[in-house]
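Single-structure report; data block below.
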Amino acid sequence: MLEKFQEWYENRHEYQEKYKERTGNKIVGYFCTYTPEELFYAADILPVRILGSHEPQDVTEPHIFGMFCPFCRDALAQGLKGKYDYLDGITIGQSCLHLRQAFTSWDLHKNPGWSYFLPMPNHVQSKRAVPFLVEEYRLLIKKIEELAGKRIRDDDLRQGIDIMNKVRQAMKEIYEFRKEENPPITGTEAMYMTCAQFFTDAREFLPVAKEVNRELASRRLDRDPGKRIMLIGSENDDIEYINMIETLGERESVGCTVVVEEHCTTTRYFWDEVDTDIDDPVRAIAERYVLRTPCPSKDWPQRTRLQRILKLAKDFRVDGAIIIQQKFCDPHEADIPFIRRFLEDNGIPTYFLEFDVTVASGPFAVRTEAFLETLEAEEDLF
Amino acid sequence: MIIVGIDCGAKNTKTVVLRDNKIIGKGMILTGFDQTSAIRESLHAALKDAGIDVKDVDKISGTGAGMEEIRDADVRVNEVKAMAKAANFFVPSARTVTDVGAEMGRAVKIDENGKVIDFAINEKCAAGAGAFIEAMARALEAKLEEMGPMVLKSDKSIPMNAQCAIFAESEVVGLIHAKTAKADISKAIHDAMASRIVSMIRRIGVNKDIVMIGGVGLNPGFVDSLKRELEIDKVYIPPDPAFGAAVGAALVLAEET
Amino acid sequence: MAQYPTEPLKCWPKAKELRNKFYENYKQAHEKGGIRCMGSAWALDAVTMGLGRDVYWITGEPYGASCAFDSPLSADFLTAAEKFGFSRDLCSYMRNYWGSIIVGKYAFGGPLPKADFAYTQHICCSHGKWYQNACELEGGDVPLYVIDVGVGACPPFEPEMYKHRVKYVADQMLDSIEWMEKITGRTYNDELFFEACWNDIRLTHTWAKICMLNRAVPAPLDEKSIYSLYVFATLQKSSAAFAELYEELLEEVEDRVKRGIAAVGNEQARVMTDTQPPWGFLKIYRYLETWGVVSIGSLYTFGLEGMWLYDEDRNDLGPRPMPPEKPTSREEACRMLADWHLSKPEYQHFYSPEYKTEMMDAIAKNWRCDAIIMHYNRGCEGLSVGIAENRLGLLERGNKVMTYEGNMGDETEFDLPSTETRFDIFLESLGLKKREA
């Protein structure tokens, strides 16, 4: 069943268009994982995340100044090129400035008739963030009700919570397999999974994830796992790169397996669940988004990511970390020097790579291989 | 009246001789380090081609990156104005003109009189200019003039990131190592560069008719890529596109005289 | 060719002295037993003033601009920041600032004085991170408080100023007061806070009134001078001395308008700009003058600190009227300050570029601009977010627009000759003629 994730990833538009036809449900595209999907599920609207296509394009130049990240450009290009004309709405939970531009330009030029900017608080470490967000959710709920043409009740919200919590749990269970000595699932496959979840109805994703979970229990991969690598950084669904480094071992003397990541396409997105012991579902959802693993743009005054990253690194027993940054991604650029020092101080070697829409496979292969070799050398000392 | 237009560009210095707005002579010399001697030599070549003497020249108009070095110029015309005028002269229906030179790409929106309405010039990186193709030809170990025709033999579409020339070169090396056919790589290079130019054109808007001047206009592969990226059937290329700005500069002077 | 009379500004020497004193005060704060505070120029500095009259500020953006103005010093700072591992495309004020900490040099002479605490606000992604990292670079023992103001746009861009949005900002201010008492060991004086709060409102209101006067032809102020004057609002909005300076300036500019005194004697055409200029190259404004062009200001100089209201029906901007009375309770002062600052014009584009386009268009029309020159500023993502859409929107509304790329605080990203060439091409296309030197 694992291939199903890749199929969904590669055919996201086909899935979503057919989904509309067969269910009659509306679809809203969202740009940042600070969008509360629970509220949309509560209204029977499918929230889908908009990612780029990793293809060079020339349509965004008039809309986004060149110093903003390739990801926001790539995401906007999908809209301008008409790939998402089937959407019923677009939304964003206040994100970094970069991605916000993909939303606002899309809103200006390809408005599907419904759009909403949610002022997700930035000061998530303040006790004032949750009460504020609760009020914002109430405004958003009214707007969603207009789109859905029906009221959203507490029970609907609880259903939304239940759906999202279940897929989060299912993915975390699958991540458990990545802790094994020879993980039965590669990083490439795991990335297909987490991204496929963005593109599909969680209720259709869930049974597949459960089936995969059963399969993984007996799956043995005929490959040398090599070094255990963690990926950390900006938005990243560059599967070509991940696949390239995971197949290095077939061609070179060293290889690796990506065993965990800290990206908003993976653990930052799904690791945290909504606390169902909280009575008011709106408040429970607000707490989840305020307390979730933060994007660096919201991670202040304390840099809480450090400890979260270290815990993942230890739990998944990584040999080294590759810090990936989308070119021009300011929030990550402000964190990276400190993350590198912190990880090195904790005995985890790091290597830094800057990503664009496409990656130069050749040079990146050479550099990654060289990094893996340094991990090898360190081990030889003992 | 005989008017000379000199375009002292980053790579070549081009001179045209116009008699009553008709081109009667042309000369082109590598600019090199010594702009002054390039200007002199290209002027001589053009006069020789026209079969006239320097005494017969009424006025000289200069343009291009090195126009300050054209000491004898009666006027100096900025490149954008010159290319706009040239496009209007060759193709009166032109509303967009793009000039792809060795180190600079430009796009200009013009009205029916060849007046500049809006313009875009590429920023520092050479990835959107002719020098890019030259650099890639070296990486491919191909002759520059082979690069364009090769494109027409390929039907593959390989995505390449041309935001940076250095970055693109390493992508080309990667493709060579992956044993990709030269024609396919050449097409990828041209598509990537055309995509940069088209990005720039989109900033001022794609308005027909579109005219391209500059030496790269002689590269059939690039023109093919440009049409594909712009999703249009025709890009007008004047005869001797490399001389476009020189002609435009001369015409501006003729009009003012 | 029309030639208007010109005169230097009378308040110039006083302004210069006040600015020097501001940076001296920060240096000498501890000798006087005072407190040093660092934070963004957008910070709500008034709240810190309840700690006493001896709280001395340094604000990062104007400090970064001052570094950029001194090119060799800035090169040192930027290199130090890069060596530490910070990417070159980060905010150039911030990199200058971090570099200043790493190198340990104060741009105004001597070693960089260490702040006792950091107090800032967060609207662009970099604000919180700026001081998080600054505090860490200072050794990790400088406490930090950040107030998030990213709560959405003000009316008319949003249907109303929702109470919970003002409350969120005001509540953070209230929390910060308790926090400041704890870290400084001082008792907070509400009366001083009310005074500071009122100074802030008075100063930012007066600044808008001054900018209104630049609608006159000839313009009494040119943007290069405006930069030197608006800076006080970025240094310390809550300062009584600065508020008084603006009141004097208002009178002086009124007088200039009455007497037809021009900033640029050969004013032939008027432009407005956008975003911070490349600070090391303010001579580009003198270059514009050779074309008879005066820059009358920008949404940036008018609305970064000035407080305005946008009237959608009339497509016009006017100074936001001051609240009727001074606040009398801590809660009221926090609410008043939050509500006042949330209408800041330069906050609005963080939610949609359209809002900025509308306000810029209002300036272009009502300040009688012939064209708009936009600085695509690689040094500031906060003010260049959405800038390409602003360009498109302004063109659509019939404005002539040109753009140039540069960087407010990193001179390696600015190309003077090619920028002047762009100016030439553009100004010539407007039908202007350059006056030969």
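Going by the order they are written in, the chains are A, B and C; count residues from 1 in each one.
Note that in this section a residue touches a chain if its C-beta (ideal position, glycine included) is under 8 Å from a C-beta of that chain, and two chains touch if they have at least 3 such contacts.
The structure displayed is predicted, hence computed values, not measured ones.
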>> Chains as vertices, touching pairs as edges: which of line, ring, star, complete or other describes this one?
In response: complete
> If you count the contact pairs for each chain pair, which pair has the most?
Replying inline: A-C
> In whole angstrom, how far does the Cα centroid of chain A sit from the Cα centroid of chain C?
Replying inline: 36
>> Roughly how far is chain A from chain B, centre to centre by C-alpha average, rounded to an integer in Å?
In response: 44
>> Give me the residue numbers in chain B that touch at least two other chains, ranges are fine.
In response: 123
>> Show the residues in chain C shared as contacts by 2 or more other chains, in ascending order.
In response: 405
> For chain A, which residues are shared contacts with two or more other chains?
Replying inline: 61-62, 66
>> Residue numbers of chain B touching chain A in their complex, please.
In response: 123, 159-163, 167, 170-171, 173-174, 177, 192, 195-196, 198-200, 202-203, 205, 229
> Contact residues on chain A for chain C in the complex?
Replying inline: 61-68, 94, 96-98, 100-101, 104-105, 107-108, 117, 119, 121-123, 126-129, 131-132, 135-136, 139, 296-298, 300-301, 303, 325, 327-328, 330-331, 333-338, 340
> chain B touches which residues of chain A in the complex?
Replying inline: 54-62, 66, 70, 356-358, 360-363
> Any idea which chain B residues touch chain C in the complex?
Replying inline: 78-81, 115-119, 121, 123-124
> In the complex formed with chain A, which residues of chain C make contact?
Replying inline: 84-87, 89-91, 122, 124-126, 128-133, 135-136, 144-148, 150-152, 162, 164-165, 167-168, 171-172, 175, 350-354, 376, 378, 381-382, 384-389, 392, 405
